[in-house]
Each structure stands twice: as C-alpha cells, then as structure tokens.
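Quick notes on the structure that follows.
Here the chain labels run A, B, C and D in written order, and each chain numbers its own residues starting at 1.
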Amino acid sequence: MNYTGYLRQPHYYETDQMGIIHHSNYIRWFEEARVDWLTFLDVPYYKIEEAGIIIPVLAVTCDYKEMIRYEDQVRIEVTIDHYTGTRLEFSYHIYNQTTENLLTTGTSKHCFLDKETNRLLQLRRSHPEIHRIFSETFERQKETTND
Amino acid sequence: MNYTGYLRQPHYYETDQMGIIHHSNYIRWFEEARVDWLTFLDVPYYKIEEAGIIIPVLAVTCDYKEMIRYEDQVRIEVTIDHYTGTRLEFSYHIYNQTTENLLTTGTSKHCFLDKETNRLLQLRRSHPEIHRIFSETFERQKETTND
Amino acid sequence: MNYTGYLRQPHYYETDQMGIIHHSNYIRWFEEARVDWLTFLDVPYYKIEEAGIIIPVLAVTCDYKEMIRYEDQVRIEVTIDHYTGTRLEFSYHIYNQTTENLLTTGTSKHCFLDKETNRLLQLRRSHPEIHRIFSETFERQKETTND
Amino acid sequence: MNYTGYLRQPHYYETDQMGIIHHSNYIRWFEEARVDWLTFLDVPYYKIEEAGIIIPVLAVTCDYKEMIRYEDQVRIEVTIDHYTGTRLEFSYHIYNQTTENLLTTGTSKHCFLDKETNRLLQLRRSHPEIHRIFSETFERQKETTND
C-alpha cells in the first residue's frame, strides 16, 4: 500500500494580511506531512523519540510557485530522496487537492541523534528495526521512480 | 526603579487576512511581557528553569477592545494581581504606544512546579530568594495602587 | 445529526521545552474547532467572509486542567452558549480521545462585522439565512442540554 | 551608517520539546530581520504596502549549523544578494550575540507585486524612489564586499 499524501486544510491563523497563507507555515506543513508519513509506516515520531532518537532538521528549502489561500485544500506528498543510515532527506510537493495544480515544492535534510547524548546515531547499528523501515521504503521508492 | 512596560512591534506573520493581528498572538505577547518583566527583576525565566522550577499557565483570559494593526507599536504593562508563594497571577494592559489608547486587557494564573517531579512547589521554602523577589514586588505594587 | 467534535493530533512545532503543548496553541485549536463546526453546519467560514461578514473575537478564556502532550490525540467539543443575532458565544471542552479525560475548557465571544465598513451587523436583517442556521442550532442545543 | 544587524531574544513559545528553537521560527526571524533592515533604510514595510506594493516570498532556504536555545541572544545580519528592480534576493547570517558563533544561514527571493492587481511591478518605473533606495544599498554592499 502506498502513501497517498497528507491532506491539509489551511487554518485562519495561518493567513496573513496579503490574504494568503504565510510562507513560514509551509515549513510546518512539511513537518506535519513527514510525521504523517512516519505514522503510515508504523513508526510514529513520538515512538521514535521514546526509542531514544531525535531527528533534527539540518536544512530546509521551499519554492513557492502559487499562493495558497485559506479556502484551498491541499495535499502534501512526501518522498525520501536519500537515506544512508546516518542521513535522511525528503522532498515535498504541495498540490491543490481540487485542481491538482502543483503549488509548492520543498526539501529537508535530517540526521539522527541520541536523545540523551546528542551524539550522531548510525541507525543500522543502534536501531536496526527502524533502519530497515527507512531503508526498504527508500529502495521501494527508487524502484517506483525508475519505472 | 519601576518597570515601564514591554515595547513590541507586531510581526507580519502575526497578521491575518482580516488585516489585523490574529487574536491568538496576544497570549504569546503576554508571555513575552511577563518574561521581560522577570528579566527586569533580575530573575530571567531561563534561570528560574535552571533553578529547577517551571511556571506553567493554569488559566488565561483576554479582552480585545480595539483591533491591533501591523503598523501599531504597542506597550504591554504587567501587574502582579496575586502572589501566595504557591500561586502567581498577572494582569496585562496593552496600549498603543503612540495614542496611549488601551487596546486589550488580559490575565494569567500560574503555579510553581518542580521541573523533575512535576510536583507543586512552595517557593517560600524551596526557593526563598525567588520568593522574596516576587513577594516584595507584589507588596510594592499594592502600595503603589493604593496611593 | 449532531456534531461529534473536532479531532486533533498535536503538531511537533506546538510543543515547548516543558515537553507539553504550549498554552497559546489552545486558542488556535478553539478557532479550528469552531471553523470545523461551521463547516459541519454547511456555512464554512470562507463562505461567511465571501458573504461580506467577518466574525472577530471579542474575548477568550482558557482553563488548563491537565497538560497535553505531543502523543495525545484530543477531541474538541464546541457549544453555542449564546446567540442574539449580533453576538455569538462559544464554549469549548478538550478531551483526551483515548482516556476521555477533560483536559481543558474555554470560551470565546464574537460579534459580526461588515467586511467592508467594519460596522456591526445584525445577521437577522443583513443575512437571514446564516442567522437561521445559528439560531436553530442554538435552540436545538438548549433543548438537548435541558433534557 | 551601516546596518549592524537585528538583535533577537528567542521566545519561550518558539522552543520545542527537543529543548531548542523550532526550525520553522528561523524563517520568521528572517522576515523580522529584513523588515527591521527596511525600517533602518527608512522604508518600513507598512509604508511599502501603503504605496501599493507587496513583496511576496518566492523561495527560502535555511541551513542549521548549531542548535539555538531559549537563553541564547542572537543577531541576524541581512545582505542584499541581488537586486534588479523586479527581483530582490537576501542572505541571512544568524550569530550568537555572546560567542559570535555562526549558528544558521539562509536566503530568500522576492518579487514586487501591485497590491490591487497582483501584477509584477518594475520598481524603477512604478516607484522610482523606493527603487533608488534598494539600488543604492545593493551597490554600496557590493563595494563593501569587494574591499
């Protein structure tokens, strides 16, 4: 079963006086989408933290193609661009759920840290089960993309 | 020397599509103002947490008298309404810094918890120095109000 | 058919370094819940604005009974406490969706303004169809409560 | 007189349960910093909007080098990377104000739109005075960088 994307209705408090969704909120939507995707993979983020891992953000980018308005329902698709056991990279595509127009794209880069020591983790060794989930999902996505 | 209030310029991301500051931000401004006031009293909030205390919010109220716009500079005045060693209550008055119009009023109620155990603290016993600062400020404010 | 409440999963960016959902976000959740309730009543808020009405917030209160954590799923129930055609008042109850514990309560007060002139509207005259929806819902809720 | 940067104390509501400033807030700080810089140049953003211009964000990037904590005071430096009369690009450097460590870098790209029609503006023609300010500042920064 494939992940079909994260549906999101903008909130009024996310609008600004230009009459659009303020650009900073997209960075938050990316986080919501990757958390939703982790839940879909059966590793909800709070369980990752309970297992002693934090996944901080090392970098984000966002390209705004069309303004998003309060009444637009959007769908955010999440793709693993890269996974090495120590690094994880995502890309995001935000679509208007009604028109299917591509509204925004973005990326984020992450590492894995031990929650107590803040040291870099190699998931392959430290948490092989979670490693397997990320790894298999990444491999499956590569195949799909190559088809 | 008296605390003369917390000056704040609204941020663009705090506006909404009504063209005003979204009402939820005032609750955040109250927090900024009481943190600024704590710093003025020489007990910055991060030092309070370092001393093992957290001060959660038990209740807030906010009465919006006039809309605040992006270009308005405001001043937030903070008053201790009540202090008992276990409970702390504030009131807030937001003024337009140019016109001196009263724009918004609010209140917040707090207790003191041990950061590790989440148990209620009696500051008089657990942290007498911080207790003295709150207590003396509260007494001084009562006198000023009664003059 | 009755409105059964607004389900909400907290977002990571809504946590704070106390390890709980920051109290300011509850005011935003109340807005999300009443917007969801309006959509349930078939008057989504963006259509209200399209009809030339804005519904600003005049006052909010919030009583925090239990801390909400990142992993808690909550349900927010919305009740009309008062409706007069010129004023609208809500109360909110936030429950833990798993344990059914009551976590937080709150209220909000609103008026109706003409979007262009910012003048007070009497919905009974200016927008009788929307008036009827609010009025009937309010009456139905009163009956339910009295049963 | 040169712009010496925007000083910012993190707010408690900007922390998350990792005990750091949530990464989405940096995008907001960049906005605060460029608005502060515009005010320094004597073209506060609200006056730009009053002149009928909006400056939406076309793209942002952010590279997180070190975590920022609640107690850290930061300074955000703003540089014009590019200005053409139709496009404006900034880069940002966030420093710890105490240690002078570089904590984060970022960029943003913008265009100019007519507030009423949403059409692209060529500031050179439509608003020559504002054009002159951006243009001269950009030229002056290039010279400084080349020294």
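By definition in this document, contacts are C-beta pairs under 8 Å (C-beta built on N, C-alpha and C of every residue); 3 or more make two chains touch, one makes a residue touch a chain.
This one's a predicted model, so the numbers in the text were calculated from it and none came from an experiment.
J.: Using each chain's Cα centroid, which is most distant from the centroid of subunit A?
T.: B
J.: Looking at A-B and A-D, which pair shares more C-beta contacts?
T.: Higher C-beta contact count between the two pairs: A-D.
J.: Using CA atom averages as chain centres, what separation in Å is found between subunit A and subunit D?
T.: 26
J.: I'd like the Å distance between the centres of subunit B and subunit D, where a centre is the mean of that chain's Cα atoms.
T.: Here the centre of subunit D sits 29 Å away from the centre of subunit B.
J.: Nearest whole angstrom, what separates the Cα centre of subunit A from the Cα centre of subunit B?
T.: 36
J.: Can you list every residue of subunit A that touches 2 or more other chains, as numbers and ranges?
T.: Answer for subunit A, listing residues that touch two or more other chains: 12-13, 17-18, 20, 24, 28, 31, 70.
J.: Which positions of subunit D touch subunit C when the two form their complex?
T.: 12-13, 15-20, 22, 24, 70
J.: Quick one: which bits of subunit B touch subunit C in the complex? Just the residue numbers, please.
T.: 17-18, 20, 23-25, 27-28, 31, 54, 56-64, 67
J.: What residues of subunit B sit close enough to touch subunit D in their complex?
T.: 11-13, 28, 31-32, 35, 44-46, 70-71
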